[in-house]
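In the two assemblies presented below, chain A is common to both, partnered first by chain B and then by chain C.
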Partner chain A sequence: MTRTNTSDSLWILPADALPAFLSALAENGELWVPVPVGEGARFLPYREGLPIDLTQTPPAHPAKSILFPHSEVLFTYHRGDDGIPALTVPEFDSRFLVAFGVRSCDLHAINALDAIFLKRSVPDTGYQQRRERLRVIGIACLSPAATCFCDRMGGGPFDTTGMDVQIVPFEESYLFRILTEGGNQLLNPYLDYFQAADEGAIRKIAALEEGTSLQTGQPVDFEDLSQAIKTHNDDPYWEDLANACLGCGICTFVCPVCSCFTLVDEGTPRAGRRVRAWDACMFSTFTKEASGHNPRGAEVARVKQRFFHKFYYCIENEEPPGCVGCGRCVAQCPTSIDIREVIRHYQREGT
Partner chain B sequence: MNRHPFLPQRMKIARIVDEVATHDILTFELVPLEGEIASYLPGQFAEISVFGVGEAPFGYASSPHEEGLVRFTVKRMGALTQELHRLGEGAVVGMRGPLGNSFELDRFRGKDLIVVGGGYAFTTLRSLIAYLLTPEHRGEAGRITLFYGVRNPGLFLYKPELEQWRDAEDFSLHLTVDAADEDWTGPVALVPDLVKEVAPETTNAVAVVCGPPPMIRFTLPVLEELGLREDDIFISMEMKMKCGVGMCGRCNLGPKFVCKDGPVFTLKELRELTDDF
Partner chain C sequence: MTDKVSLARTLQEVFQREGLDGVIGYAAGTTPLRPRPTVVTKPEAFDSLVFDGFCVQNLANYLHRHRGKRMGILVKGCDRRAVRVLVQEKQIAREDLYLIGIPCPGMLNRSQLLEEYPGLQGDQVAEEGDTLYLELSGNRVTLSRVDYLLPTCRACRHRVPDDVDLLLDPLPFTSPEADGSLADEVKSIAEMEGEERAGLFREELSRCILCYACRNVCPFCYCETCFTDSLQPAWMTPAPEPDNIFFYHVNRMMHMAGRCVTCGSCEWACPEHIQLRLLYGKLVADVEELFAYEPGLDETTPQPLSHFSEHDPDEHIG
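After this line comes the complex of A and B, so read on.
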């Protein structure tokens, strides 16, 4: 956890100046902000007048959609009179891409997404260009939810991993803490909207940080957890979980790390597009082959796939763990399957 | 235009061969409409696109020494394969490949090779054998013993070539069927039983197995009884795929991906990955 110190570049933005600042920022790039939708909030491209919710901790929808859109056109095809399909890849935006109001959990998840989309085999070009353009104005979590457990998974309410700028809401304003050169370049043109933070403000924020704690348990020892899960392949515990599971896939869609996808063609033989869309390992059709054979046809095989992937396969492959402790799946599972219980079940005694 | 790993190369269907009596297996010979054919090795696969329908993976049935073209042998199954079968010569499809590992040719060097294939999964075995039988590569492996079984004689793929192989040096061919017709003079036996009966010499051998799961399951114990070690038995695996590059999360066996770390695994590796072997 980083502590506020006076060597950081600290700026104060009055809350009522936020829309003007965001509008100015959005003129020069792509800006994503948490927007209230239903009872939750999701990250959407900013436009003037859009309501912003910086209180949901965390927003119900994960920030992964900024880098890994729910659906993405990979290329379009169009057949001319000669019948030969011409393929066109959409142009990429070259301006910066700012993720505003993203929390520590979702930023730790980006490490895991990088492992999949950039390092596992060939780099995924769409993801890569968004990742390179990404600047993060993250937000500290002053009131973590009862389901949050990022403190056990490497994060924390004031953790700044992955942030170029961290904002801390206080009184009727926001403190902006510039953490990287990228953050400096991003905010520099807009400093007119800000006031330099004075000693009094800095003391108040230090007190806020001091007073915000999340202590849900010891940090998880992933090597241990991985070994424990690996050696409990036939544990009846998995059957218990499978009996509770509806197979609805919500846990995967709200997970900031889950990134299974499918590729589908939309269109006619003459013209259309190939789209990559979110998919889920919790669906039985996910692995069903043309012959009818299905290696993960049983619910229990799918439930195991989810937890084995997150806590054993990732570790075995030296990738970041597949869980960052955001607690979204805990909060949103209709049958209350709780990933914290799975961790507890396989953690060695005393940890 | 940005090249990305999901953008296929456009390929023209130069020739279609109707392989079997049931007409549901066709071999497509593809030539590039643009660019070169990326170099590949026997055992690798490619994702073939029919634009508007999607993509599906097929093992290269051609051998790298056959320059300027690639060949895939496709059984009609579901959506994509049915559409592919409707296309004629001259039609344009997409290809992403090569993907996956290949047969570990270095491990075959100086060894006798026992090849066991069944059904239409024979495609990549054809690539392997055609490759090893070319004069420049023939020295890479010792004696080759091929077992190839299908349900009935009408279902053998690559019949003219099988006939040519009969005369190849240091090569023995064992074709078998589950059920004979009037013309069939060869053995009527399941592949594992034939392997057991022929009992090829295994002291300096490796084996490659590719076929329907039951054939694989019953052949493996026979090969082990004959004296092959579990890391000298290579098996080509199949699992539903989409991305082919280890990203979409679909084809993993434990921590390994069939598309990226396979499709060829040793029996030893498979035993560490799943309970099925």
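After this line comes the complex of A and C, so read on.
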């Protein structure tokens, strides 16, 4: 956890100057912000006048959609009158891509997504080009939700992992803490909107940080957890969860780490497109084979898969765990299936 | 609400006496105001069962997973009607089931309570008759239950499950009369200009993430392959784009004509709080108006849309 100190480059932005600053920033790149939609916030491209919600902790929908959209056109095809098919690949923006108001949990999740999309044999083109352009203006969490447990999963309300700049809401303004050279370059052209932070402000923010604690338990020992889960393949506990699970896609869609997708072709032999869209291992069709056989045909096999992947396969493959403690799946599961309970169930006593 | 101890004792007794394979009910969840459906299969596990004003979810949905077994199931009015539709559709056999009826006081609106009382926990809520007590850090708030009913429950005309094997004691509440609030909502939407109405649904459905919670929570969505998942032909794709979303909801709705019992589970399960009751309320009202039919009230009257009679009106054929 980074503590506020005077050697950081600290700037204050009055809350009423935020829209002007964001509009200016958006002129030079792609900017994503948390926007209230219905009762939950989701990350959307910024445009002037769009309401922004920096209070929802965390936003109902994760920031993964910035790098890995719910659906994405991979290419379109068209067969001309000469009968020769032509393929068009979407052009990528080359300007920076700023994710604004992202929280620690989602940034730990991006670290896990990097392992999946960049570090395996072939990097994913779309993810990679967005990731390389990404600059993060993260936000500290002053009021973690009752379902938050990032403190057990390597993060924390004031954790700055993955951030170029961290903002801390404070009175009628925001403190901007520049953390990297990238953050410095990003904010430098816009410093006219800011005031340098004085000693008084710095002290107040340090007090805010001291006063914000999330203590939901000891950090999880993933080696232990992975072994415990591995050796409980036939535990009746999985049946208990399966008896309630609806097999819907809520938990995986709101998960900042879940990254399974499907590819679909739309169109006619003459013209069409290939689309990549999120899929969910909770769907009964996820593993259904062309033969009709389904290796995870039973609800219990699918329920188990979610936790086995997150806490056993990831660890076995030396990748980051598949859960960052954002608590979204817990908060949004209609049948109250709770990943915290799964962790508790398989944690050794005293850990 | 229902005394936990007597609920456990009664159901355990039924389980043993009837030689059931399991009893489908609700257990406490870990998140506020959200019970977790459960199947109790051991006599010593009945203590886990609960019933309160948040047991919205229609349990008939779980019967598909236990076909051929002899199951006990806790039914409110809407669960009972759903069971009857499933029997009518030959998905389950009535003789396999032992129905434990709960006269339903109407279920409570979790979102409304959490919005008005952020951070509210389950153990801070007590229900007593028509009154709802919230114990908020030393401060007791008294609310009228009827002000917090779900819109679908407010309009429910069949709260007491009929023709059950055991009807639990009526709860100490005065069941409010069904009101016309849902009918009024539906009517006001039906009276809108086409473009205004389309705009309303475009706006509501724009939040849909195609998670299919509404489909998966529905007792009547039991097709082995849903049209959403069909690959040949591929009617739609999983991309959450307006065409796919609209196609999904309209088609699912069409499949519900003469079957939907307005239990409200779909709207309740939706993570985006899309007001699905407005679509289904209209459907149910149309079926009632055109066919004088309410689903799930008796097993012998055939469902209007899955039945052909020589006497069906055919003026529209011309």
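Please note the rule applied: the second predicted complex is superposed on the first by the 351 of 351 C-alpha atoms of A that agree within 3 Å, B and C clash if a C-alpha of one lies under 4 Å from a C-alpha of the other, contacts with A are read in each partner's own complex, and residues count from 1 in each chain.
The rule we apply is simple: contacts are C-beta pairs under 8 Å (C-beta built on N, C-alpha and C of every residue); 3 or more make two chains touch, one makes a residue touch a chain.
It should be emphasised that the depicted structure is a prediction, and the values quoted were computed from it without experimental measurement.
Once the complexes are laid over each other on chain A, chain B and chain C both fit without any clash.
Within the superposed three-chain model, A:125 lies in touch with chain B and out of touch with chain C [touch as defined at top].
Of the two partner chains placed around the shared chain by superposition, neither chain B nor chain C is touched by A:184. In the superposition on chain A, no contact is made by A:218 with either chain B or chain C.
In the superposition on chain A, contact is made by A:85 with chain B only, not with chain C. By the document's definition of touching, neither partner reaches A:231: not chain B, not chain C.
In the superposed pair of complexes, A:243 makes contact with chain C only, with no contact to chain B.
When the shared chain is aligned, chain B comes close enough to touch A:267, but chain C does not. When the shared chain is aligned, chain C comes close enough to touch A:330, but chain B does not.
More residues of chain A are touched by B (comparison of chain B with chain C). By the document's definition of touching, of the two partners only chain B reaches A:317; chain C does not. For the overlaid pair of complexes, the smallest distance between C-alpha atoms of chain B and those of chain C rounds to 5 Å. For the contact definition in use here, the residues of chain A common to its chain B contact set and its chain C contact set are 262, 264, 279. Here chain C touches chain A in the complex through residues 29-32, 34-39, 57, 61-62, 65, 111, 115, 119, 207, 209-213, 215-217, 225, 229, 234, 237-241, 268-269, 271-274, going by the rule given at the top. For chain B in complex with chain A, the residues that touch the partner chain are 1-8, 10, 33, 49, 51-55, 77-78, 81, 91-92, 94, 213, 238-240, 242-243, 245-252, 254-255, 260, 275. On the side of chain A, the complex with chain C involves touching residues 37-40, 60-61, 70-71, 146-147, 240, 243-244, 246-250, 253-254, 262, 264, 266, 275, 277-280, 283, 285, 299, 330-338, 340-341. Those residues of chain A that touch chain B in the shared complex are 74-75, 77, 79, 83-85, 87-89, 92, 116-117, 120-126, 129, 233, 259-265, 267-270, 272, 274, 276, 279, 281, 286-291, 293, 295, 305, 308-309, 312-313, 316-317.
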